[in-house]
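Dropping the structures in below, format is structure tokens.
Next come two complexes, and both contain chain A; in the first it sits with chain B, in the second with chain C.
Up next, the complex of A and B:
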């Protein structure tokens, strides 16, 4: 089934929001795909980095629900190669911020038994609170 | 003619001005000014209707001064001067207020400020117009000699055209043969003519033309002078082969033991140290590569095999560099391009992976293959990667090189057609088939079976065993990640300015556009002209272009040169210094500051040689009695402009005056406006011929009249028409800074900068920096301002006067 995408002022608003959060002029992306070609995690992703940029350009809010933005490790492979000087990893971070700023914890720290807590690496805890990484 | 009946015309510029600036308010403001007898607004002042209106009004209302408040004078000053002339008025009683580039465009975000500034600019122009004097143009003789630098297809085309038309051409080429890059190409898109076959007859025509003097293996060392009188010095490097004796039998070549990579084959084949550049080289004579020849590098009696081998005794190791000097009337610069150095784009592994080549190498491989003399195996699976070195901010080249899409389309289908079992891919971002027959040619490539894939690899990898190239890309149309292994990857490298252009640009003081190529005088109507009168551009020196465009521009450049040379004399603006003799006391302080020795003392009075003087105005600051002055930018005019520019200033407001030199800073400000970059609307630009024209006296007058800061923008020394101007400007600024300091005012309120026309961001930063600084600083007390304006000459010259009297 082909989706029909209706572009409304809401889409424009979403684009403006992400532009503001990321500080990147996302409309400048020319969709050359260099970021995707160089991304070490692209084969684990549900949308490619270039597609993520496109979805933001079109104001598709569902981009915030993709695995891609959480898989992005900010390794900057894309950033150093983008021919338009953009930083897609900042865009991914901006999209993550949308979730992070809702301040919803995915685990309740009080319910983790003390002995398990001892064994858990800190980064796992941090990731599990609000992020959806991994 | 100090007073006048001034007509003021405010232009809408089809909305360009009126959408931001309240044109009616500006017109109403102009009506209230003294001496203004007529004000009109017009949708397009530059249109025939607008021009006619001015001409009619001059006659009907007996206007004797005209102010056009419209766009930058660099576009239509000439237009309106000729309108005035036709209506019987002297063309130099025209002033323009730059409401578009300096108001509506850079201040589009603050329409109120833009309107206020538009009024100030109009007022400033009216103030200058009041004092405009009728002037006569200077006349200089001109002949029919032209220098063409670079003998690629552009230089050849221009030279042949001029030679045929009877003009004397000196064609100078750095390489040992003419022909340039076109000689290396396989075929030309979209018609697939053999490049060498269509070029070589034209090359042969060059030495056959009696009007063309060809100098190969030679470089332009220096050019002095101006339109009608360019003195050229060319260094002819030794060939070490007597061209009159050599019959190109190639015996010497066979005997030479030194092998070096061939430039013509892009380093993929070897040539000897004594060689003929290529089979259809012009001149078709041997040359010894002095950096490789054993005798020439080691000296003494080493080697010398070629001497023995030559049956005609043509080898001459005693040849020395020769300096050739001549005079020409115009110059055409056709120094062309270099291909982008693919090795600097490290991720693609050029120079490291044996199966990654450049497109120019592929051109040579195709030619050699077709000749039945293949350079190397090409394999069955070949990829082209587009936009290598163009459209890539990672390598600093933002522009599109224009030809790569089509040459890749050409090479890919030549490869596919010569072996249909091959798989040929072109990886692109946007396929640009803009020219005549190009889109059809692109379709033909697709018909042939070349696959065009929209995506770009981030990096290439080499399979260490097979040496094949591994590539991962996103097909941005299907959103799939694809992985390939190719036998050969061709990098479609872009065009960059030729390294040889740099010294020529410096010698001729030509400016560059932001992409690094040389800047044309007008992007639409003067694409072959430069800002230097009598110097023209042909071909890729001005920007990437294909062969038809290059040839077209070369012919046009020749015409532009003919247009000047076909007159027996030409006229130039009457910009020159003059002396108010009643004020001159013959102190002679002005004589040494003139770099052109145009000023001398004749019976105790300073005299300016009007032909020698180029009108920089740097002598004026040296006169303690205000006796020296400049036509078009007189002392009284500048003082009146300063006063008018500051007239609207209210309490608590700040104003900075920007004196912009005509050559660079003023045009840079136009470029900033055109790019819709914004800067402080508290600034107001006043045009001057050079930074050195802004005398300390004028600066002090400005502070006295209410300026909070002064900025002087001048041309960078090496590209300035007045190379000494910057030094004089610095001295003037430091004089004023010292006086400010003594008066308890921050010396940092007066600043300067040497610009080139591409420093758009730099201009904004400088202006905003000073505006901010002045806004934050404590206001200058009225008392202090008053004191600054008093007794200026005595303060400035007290010590100099003493010295000169002692002498």
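Up next, the complex of A and C:
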């Protein structure tokens, strides 16, 4: 049986949107997997950073539903290793922004336990709210 | 040397031990750090999307303060802005580079900041470690009165001092700046293969198990390599690697706690500046028993 992947105009539009938001020429990713190999959180992810890049290339919008895009902490380990000079952390940020710009938060601030709120430094809270809430 | 200094929120609260030890150590080396007036939060994380200029406004406002200080004669033709916190450094340097490389973005931000003078794009954001390297680590060594002897230190760099390349202060794959500094202070350097691995950063807020596992790897690898302590320059790394050791020990029973120093605390200690400048009481894992055992602190202190 032959499985045929059809790229629709909707797929192309999604790719264009993420290229624009991230500023990255995602189409030049050659799927070498170096980003995944160097990612400190890859074991927690449902798709690897390289798979995330491939899903965006193919315009598969479900990439925005993955755990991966929220686990990426923008540590830039992939960025300094990518042989094509791409920055997957910018792609993850663009995908997060799709939700956050609709005011859909990834975390509920009210769910942070009171004893944790007392001890968390503001550098943690500000960065988490900047990255995970819209 | 008189240089504008941006502290950021943590240095006035949870990371007082970083600020106090840095100011005293810098002063010993003839660096006068002058806090910029009316500074505001940098935003802690660099905005990565191409169209988001709003989040560069806060960093750029701080850069405008440096121009004002020069005009008012508070500093003399000194357009470098000194930072201590790795996240402030990364965020503000990123914004400074973005507007320097994109004049249209700078125009938009200047127009938006209606009541500020225009930012002229000529401030260079630097980290204290870079200033130390520029002075020469040999010269830093000359200020040492209490050499750190056989204290085995694994420098930890984390992310924000090293990456991305255009922002980082050293080779992103093979940094040595921390090792060079602590060697000048007389310490024994231990290489930790996890020195560049992310501590989990802000995931400590909503997913702290991730941080506990990453911090466990970083600390236990340092221990395996023979280190007695690790170092950082980031208040968020400090929280995750130091304050989270209680939770690490609960999850991993064989885990041995390990002191986490700000790099400036080791400088203050080596320069013989006294415990009020080292502020070891601000660390979660108390490093004083280790330092007394190494005769780097007096018994009973």
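To be clear about the criterion, the second predicted complex is superposed on the first by the 98 of 134 C-alpha atoms of A that agree within 3 Å, B and C clash if a C-alpha of one lies under 4 Å from a C-alpha of the other, contacts with A are read in each partner's own complex, and residues count from 1 in each chain.
As a convention for this text, a contact is a pair of C-beta atoms (placed from the backbone, for glycine too) under 8 Å apart; a residue touches a chain by one contact, two chains touch by 3 or more.
Model, not experiment: these values are computed from the prediction.
Of the two partner chains placed by superposition, chain B and chain C are both touched by A:80. In the superposition on chain A, A:34 contacts chain B only, with no contact to chain C.
Once the two complexes are overlaid on the shared chain, A:52 sits clear of chain B and of chain C alike. When the two complexes are overlaid on their common chain A, residue A:26 makes contact with neither chain B nor chain C. Applying the stated contact rule after C-alpha superposition, one finds that A:42 touches chain B and leaves chain C untouched. Contacts of A:64 after superposition on the shared chain: neither chain B nor chain C is touched. In the superposition on chain A, contact of A:128 is made with chain C only, not with chain B.
In the superposed model, A:95 makes contact with neither chain B nor chain C. After superposition on the shared chain, chain A has more residues touched by C, the comparison being chain B against chain C.
Judged by the touch definition given at the top, the superposed model places A:18 against neither chain B nor chain C.
Within chain A, the residues touching chain B in one complex and chain C in the other are 77, 80.
By the touch criterion given at the top, residues 8-10, 13-15, 41, 43-46, 48-52, 55, 85, 87, 159, 162-165, 172-173, 196-198, 200-206, 208, 210, 214, 235-236, 239, 243 of chain C touch chain A in their complex. Of all residues in chain A, those touching chain B in their complex are 30-39, 42-43, 47-48, 50-51, 77-78, 80-85.
The part of chain A that touches chain C in the complex is made up of residues 20-23, 40-41, 44, 71, 73-77, 79-80, 87, 89-90, 93-94, 97, 107, 111-112, 116, 119-128, 130-132. For chain B in complex with chain A, the touching residues are 347, 387, 391-394, 429-430, 454-459, 471-476, 479, 481.
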